[in-house]
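Each of the next two complexes has chain A plus one more chain, namely chain B in the first and chain C in the second.
Right after this comes the complex of A and B.
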């Protein structure tokens, strides 16, 4: 889902998502019995292969995890036939080698439409409480998948009005005949839009990243997994002086995280003082953050804190890709915001009235800066970027 | 290091230590502000040494949760050797790591397998709550813990002044370890809550511990935290104990 994080035109995208989501729900698929085997105790569990101490992602009751559905989702995720002109797939903007981002400041749709925001990493996306950069009501992967498929402004995969074309394409492929039948064995007509998005969402829930050097050190109990610099950087990262952990804390380095069994779901958004156009607190259109959804002035410039896992692979940074390096990002937070000196977006973000209280600036020595970078780099999970089960099945069996 | 100094040198050190403490302590504390461990002033856990980035909320959670038996997730002391007897003039460092061999290897882990086993049902039975009783510290005066990642020289731990604990400081994310050393009667005499993998006992601490009934018994309780809460499946796990006998050199 290439635009798991772009919802500029938020209201419109939301409308599309909700409308199609409602359509899917009306299809009756949710009433189907889960396509899984049952145990003597009556329960079934999908093994995510998580390391000890890592909670399971939340899974909606009407879309239980099965290996067959995950495998189908993997095929769909990497299939360019999911765009009308057959040039792009979800993976076009979520490349495995870049921790499921695309390396661009902002992405480009299958028809050349520019999207105003950067492709967010899908690593551990199953734990997120909200999806996209700034949409508090888009909370289900099954719904979100519809946005890039059918969104019209911007066009991403360009399938709006061509739902049947998509389904016909898929049904014509013998490989899919097998995959859909295996994934939905109890459904008379497995080729449906709902089946497509449920499979893609299931696959996305298996995009898990818990094998970085930091994980081996902090969670796995391996004292040799981090070098001294990264350890010092970790102490700085979690210090009250830098405040990073308030928004990028927890096992997923994001405060918009929940897992199976989480009692209180938090949806957090933050204004990090990137802009203050004309001193009014405004962010450049159309990237106004949660404001685009709620219309509340206090929501201007508020975006979700993305996970920092694999952050060394996910440049450029910020919702609009306006920072090229981690050094630039540190400069920004050290200054307590960004002062745009000239141009149409001129204004001192440090003085943005909606800026998060955690951005008060800090001073780092060169050694400390290197330590923080070393810590951030220790969050790189090469298992994620090389894992065969997440790779393109059309080129890699 | 000081641990290897001859007795006359040790005497000199003791004379100048108070003077040095005020100078070096101030400088050192500010040099390593982000890394230095600190001793809790929380009356709830008297004598417990809190390592950098730990807090008493998490320790309370750890001690209120029944340990789970899982040898692969327990912390094993790798130093010193169990049964060792040594004079207090020699350095003593407790080191540990998780599991007989680490199970945290993404390349080896299972992926997407479907099993009927529920994760909770797959747990080993709960063991009896034999958690440590939090008795007052055997050495109540100022002391700092050290960690493998600290830039704070080990010998400064006995010199630097006590800093006030952040009883409700930064939340713990990841695995935290509670090292408990008990005397021969089972009374806790030295306890450290840390995110690190080792703890160095200063000379004065070794001398004090040598005075309690021997042998000492040490073990590590650990758990995986997410913002100070133990996450599902995150323990705690209790590691096996080792014995150490400290002797006072003639």
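Right after this comes the complex of A and C.
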């Protein structure tokens, strides 16, 4: 039983091709050459630089990957001119050193507006079936980029009504004249909103994380990449006792994952018993999960399972940053939910009527707990956090 | 929106629109040549030179019609930078920050008969059967708006049609609403009207800053309960369309104006009280108490998002 699940959830997506060879591409090479595009048989194939066997992200037909678009997107992603008051860029809440999160419980927009949720890691974001914490409508990175740019509740980059200001700013910079022209050689007017969001999305699809010690152990053929504790933690993680892998399984440690070979795309959201305000099943406003989009009572408190890759770098945890450490997170799952004893959000999350069937609680010895955390720490990918191609091009030319 | 998007077409409009000082106000020459029976002839406001510009000069058995709209606040003409008294149950004073709405499927009514108005495709304000009415001019607190205004819906109807009423829908039709915001044609490309969290557009946007308030009272109406399809990348359906149907009797395009009044929409709102929940104001939330108060005045059943025809009090003929 355990072996079967391990196989299904930990490995299936990578299987055959991975068996062929070692992961030559892993190992934190931050001086690797830029990606290339090769044309063969009339089609264009972008080189994502993926380890052998790792499937490619899905790419929309109307926004094919090119190295030039990716490089433009990198500049835009790290450019504070993308906020109206020129104080914030995408990277302000998605810091490379924190696996593209910001270390805050909840993020703050360019005008000081508090957002209700924590910044999510962008590692492997190109594989996600839905974007942000809980929105079945947001399925393309090109569309998602518009939310922080133009959203007003809360204000993030604060560009609503000011898209021309943004485009004028960009067009005035000679560096962008070159970058936009290279990225969109066939467009009469390369400076457009569509050009901006397509380039950012292309860059985001290159934020790839497959070079952790766990990858070297599981897929790279290096039996010594994990120590004994992390190996025991891995077995616990993929066990029926802990049930972690149901939502955090697969090569991306998230069940909201698809790739270019996925035939049937799944969108998954789960209520993990964090709240049960007044015993009604409610989550505190405005963080009601998918309910905020659909208005369906059964969607109350349902959120997307984030990837656990680099999870040691992405504290604090949960959509509202309400857990500071991985220890606290394990306490929560061990208890099968969180009992909020007092205050306005009081209620026993363990009894939330929408709670996922996999949250039935478990017991861990101190050693086992340390093992699980050692395994989670083995998902940290320093190549991701140091890769020059993902870094701020305005400060590191 | 922005000058660049509008500029080429507006310069054409200025030429045709009789050189009103505010050359961007497309009401300048509209509905000035009304004829009996509520039909109009001539080029009133129909100067857009879009690729699909219709033969609005009345040839081929059709004739031009211009429906003129006016935004008011408690009977006073709306303007950016102006404060209005007596708003809501609290009789509050407020300045508005925006005043824009989409309408579509405009029809003239004569008893049981109805005739659709075929909209001129001007490349700016009107697209297919959709039109954007824009009463703000970016002045005062309307900083996120556009300098250009549009107070009319322009199109053609079969020649000689008799009518005494009008019906239109408040909102964007589903098939246009969820188009790609970054590439959509005007008037679907205005970021101030993006409603990205539901993959659509704000149908109605009127934000207000009440005197002494810390936060704006936002009124954004759009479809909610939408669902996405990760395979196609599109929105498949919305459980609450929130498209109102506005039906008005005693209407003659040559003589009447369709008035939309913000004060009527927020008549039940108590601006002096803290927000009752959900977004500050109403952003379409089914469980937002301010939405319940406002949807009632717009003639939308908040539980289902369906129109309650005849229930609205925000629009009238003048």
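Please note the rule applied: the second predicted complex is superposed on the first by the 357 of 397 C-alpha atoms of A that agree within 3 Å, B and C clash if a C-alpha of one lies under 4 Å from a C-alpha of the other, contacts with A are read in each partner's own complex, and residues count from 1 in each chain.
Note that in this section a residue touches a chain if its C-beta (ideal position, glycine included) is under 8 Å from a C-beta of that chain, and two chains touch if they have at least 3 such contacts.
These numbers come from a predicted model, not from an experiment.
Novice: On the A-aligned overlay, A:47 touches which partner chain: chain B = first, chain C = second, or both, or neither?
Specialist: first
Novice: Of the two partners chain B and chain C, indicate the one touching more residues belonging to chain A.
Specialist: The partner with more contacted residues on chain A is B.
Novice: One more residue to check, A:55. First (chain B), second (chain C), both or neither?
Specialist: In the superposition, A:55 contacts chain B only.
Novice: Please work out whether A:186 is in contact with chain B alone, chain C alone, both, or neither, and reply first, second, both or neither.
Specialist: Touch status of A:186: no partner.
Novice: On the A-aligned overlay, A:357 touches which partner chain: chain B = first, chain C = second, or both, or neither?
Specialist: neither
Novice: Just checking: does A:135 make contact with chain B only, chain C only, both, or neither of them? Give me first, second, both or neither.
Specialist: The second partner, chain C, only.
Novice: Which residues would you name on chain A as touching chain B in one complex and chain C in the other?
Specialist: Common to the two interfaces on chain A: nothing.
Novice: Name, in rising order, each residue of chain A that touches chain C in their complex.
Specialist: For this pair, the touching residues of chain A are 60, 129-130, 135-140, 142-143, 146-147, 149-153, 159-165, 167, 192-194, 196-198, 258, 265, 267, 285-286, 293-296.
Novice: Which of the residues in chain A end up touching chain B in this complex?
Specialist: Listed in rising order, the residues are 36-39, 41, 43-56, 66-67, 70, 206, 210-211, 215-223, 226, 228, 231-232, 235-236, 238-241, 245, 249-251, 259-261, 368, 381, 383-384, 387, 389.
Novice: In the complex of these two chains, what residues of chain B are touching chain A?
Specialist: 33-35, 52-53, 70, 72-73, 75, 95, 97-99, 102-107, 109-119, 121, 148-149, 151, 169-171, 173-175, 195-198, 222-224, 226-227, 231-235
Novice: Using the touch definition from the top, list the residues of chain C that touch chain A in their complex.
Specialist: The touching residues are 1-5, 143-146, 180-183, 189-192, 194, 196-199, 218, 224-231, 233, 235, 239-240, 277-280, 283, 286-287.
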